[in-house]
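Letters are used for the chains, namely A, B, C and D, taken in the order the chains are written, and counting of residues starts over at 1 for each.
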């Protein structure tokens, strides 16, 4: 999914004190959905990708769906800009949107190297998991507030960083790794920084509109998004 | 504006404890915008309507714009239903929408008695204040959460009840009052109950997604909506 | 999915001349997606339901997901009301919404008879196909116009009528049919009338905002919705 | 209002044949609202600005409201990106959004030179006409399709170009003109090109979703937006 992260949010002061117990809202949501989170981040697709044993056609299917995903992911960033009410927030969301648009161009270059040309990308219909995850994020974000939108995006933006960190040691083994470039993208420091920014952004949004009474609603959003992410892997196998 | 109130919200348990200082969020918002609130609820249009000295053409202009307002007000209730995430909340918003649609039919009957026929209603363009208030509510509600939507609606739904109470004593004076029916509508116990329900609904929504960090955002919404309401009176003069 | 249809649209004059070739826009869309349409309306779930051989647990799974579907389907009707710009269209959409809310209550009664109680309904997470179809409809409707929204709803509202007609003869066989009530619901004349109304509504909306240049966009919407409907059956097996 | 135009749309092929009578949809809408269009583009504010006799405080009031307008105008571009369904359209809207964000920064520099500092900009409440025009555009665009959104934006994006051309000869007179920079901005070739692109974009969108049956709806949108623009001048006087 996203090859980049929205660093634009760094514009905003990140003064939030850590919660008393040192846990971010993201930490709490992940803990509340521990089984679903593990089923997503340790999915057989991810494991085999790390081992380099993932069949190439599965990876190609994933790449094409990932391109279709990015189009809707760009729309979700546009939605975040629409939902902003200060110029600074609009500018931050606009930079995020610009990065996704730019990355989609890079993605096309990448998929070409992996044997998927542009015509193939555009002629392929979205699979079930692609429709489910993207439209869930967009509808959650439109119906709810910016916090709900970012909680729906979190499994993607933050989960891929966790997966990148987990798979990175596989690159230390001698010999070629067929998916080295993909793993490096998400293990890279700039992607990791982006994920930490997103965790901080969720905490900043929570400072404004989170109360414990919303925990069950946001857990449901996070869990559904996490489950849809696992389906996104599954559909490629 | 609204001749009815959405009693559907009574479905929901109203268990919320009063805030420690006994003030509702509505109380706080009204206090934060005291001057604008007074300029709206004690506007010359309202004062002259109470005294019975409001020129009839001004009242007719108001009635026609009020009809055009109700169409957008119905859309705002539809938006509340779209934004709901439980069947109970959807059902409550649907009943509110049904009441507005029903009241708009009554409104047509009422305006006919006051010399405004349906063709005239539908051919009249919306005046500036009508566009400003209604589209501000709809955009605030779409971009924000249900709490922001109801705060934007509050000056209308709760303000008219306050105006009804304030003008009611004028009906005790001997002789005919030209605007008796209008004043009675908003002074009536069912309208007053509806306004109290709306105040309670705002507090229930606040229990979920209000923190002090949102006070300035919600005050800005409330103040703009209140100012637009005053313009709604002004444009009829 | 929907046990009822929105007869409210009958309010509106249905004066549209048939297209020159006698085909409705729905006819054209179904023909353009013939394979996907068949895979949906003649899905093994449907076939076995008609034969009475569908395992009961599969039917129960379907019923629970259908309840969760109806909540989002109600939101889609609320969206149609928000998107309306005349009082007549708002009123029609409001009646449609009221019917869905009412039917959801009936649905709870029905599922109880089939051994699924309310607590079970509400505790069950949405499956992938439920998320995919409902959020696709809601996002398509929000991003696009009323025509796009109704094209996304068509496979559900019109497809179930076609399935009801196709399965009805199975009820003529001697002996009990385990799914008689379900089949009768969709074969019933009022449901069939509702489906014809929906076909006519799509043609009325098309009179305003359809040109041949939109055929590929609307075909894509219709095809995706149809494929998601097939997944809705599949997930229950 | 906008100091820039979205040239991004040039990405898209502009192959549309002129309508048979050589008139664009914009031409038709302007002709249908000729009186309102004249009242806007030849408003006393515009006339006095051209003559250089506009009192400076009126211009300052306008500039501050124009800044507040640009924030909502940026949100309208974000909405256009959300409503796009191809990567090319999203990219075009993103570039438009980036330009508005950039121009708002320039606007702050400009207003500082005219004696309005940033704190003053941000502390000033939106006036009635600012709320009315911006929220009307946003609500029209959310409820309708991309064509409706661009028709609502047209009086701003295209009208300012027409005003720029009309006022440009005033700069040929000897001596200093107090509002030279403002007039030059809108008379400049790049702004004029932008306006022509917007006219062409409306025609391209119309190729997809315009039929004569929508003419009254779109005329109503265009007329209301034009009237709100005139109010935007009026409120500064």
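Heads up, the rule we're going with is that a residue touches a chain if its C-beta (ideal position, glycine included) is under 8 Å from a C-beta of that chain, and two chains touch if they have at least 3 such contacts.
Here's who's who by UniProt: A, B, C, D = TenA family protein.
Predicted, not measured: the structure shown is a model, and the values here were computed from it.
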Exercise. How many hops, at fewest, get you from chain B (TenA family protein) to chain D (TenA family protein) via touching chains?
Worked result: 1
Exercise. When the CA atoms of chain B (TenA family protein) are placed over those of chain C (TenA family protein), what is the turn angle between 0 and 180 degrees, to the nearest 5?
Worked result: 180
For this session: Tell me whether chain A (TenA family protein) and chain D (TenA family protein), two copies of the same sequence, contact each other through the same residue numbers or different ones, using over half shared as the line for same.
Result: same
Problem set entry | Identity of the chain that, by mean CA position, is farthest from chain B (TenA family protein) | A
Seminar exercise, completed: Per the C-alpha means, the centres of chain A (TenA family protein) and chain D (TenA family protein) lie apart by a whole-Å value of 36
Seminar exercise, completed: Chain-centre distance (mean CA atoms) for chain C (TenA family protein) and chain D (TenA family protein), in whole Å, is 42
Problem set entry | Residue list for chain D (TenA family protein), restricted to those that touch at least two other chains | 75, 82, 142-143
Exercise. Among line, ring, star, complete and other, which best matches the way these chains touch?
Worked result: complete
Exercise. Given the complex with chain A (TenA family protein), which residues does chain C (TenA family protein) contribute to the contact?
Worked result: 75, 125-126, 128-129, 131-132, 135-136, 138-139, 142-143, 223-224, 227-228, 231
Seminar exercise, completed: Contacts from chain C (TenA family protein) onto chain B (TenA family protein) in the complex sit at residues 71, 74-75, 78-79, 81-82, 84, 86-87, 90-91, 93-94, 97-98, 101, 104
Problem set entry | In the complex, chain A (TenA family protein) residues that touch chain B (TenA family protein) | 82-83, 85, 142-145, 148, 207-211, 213-214, 217
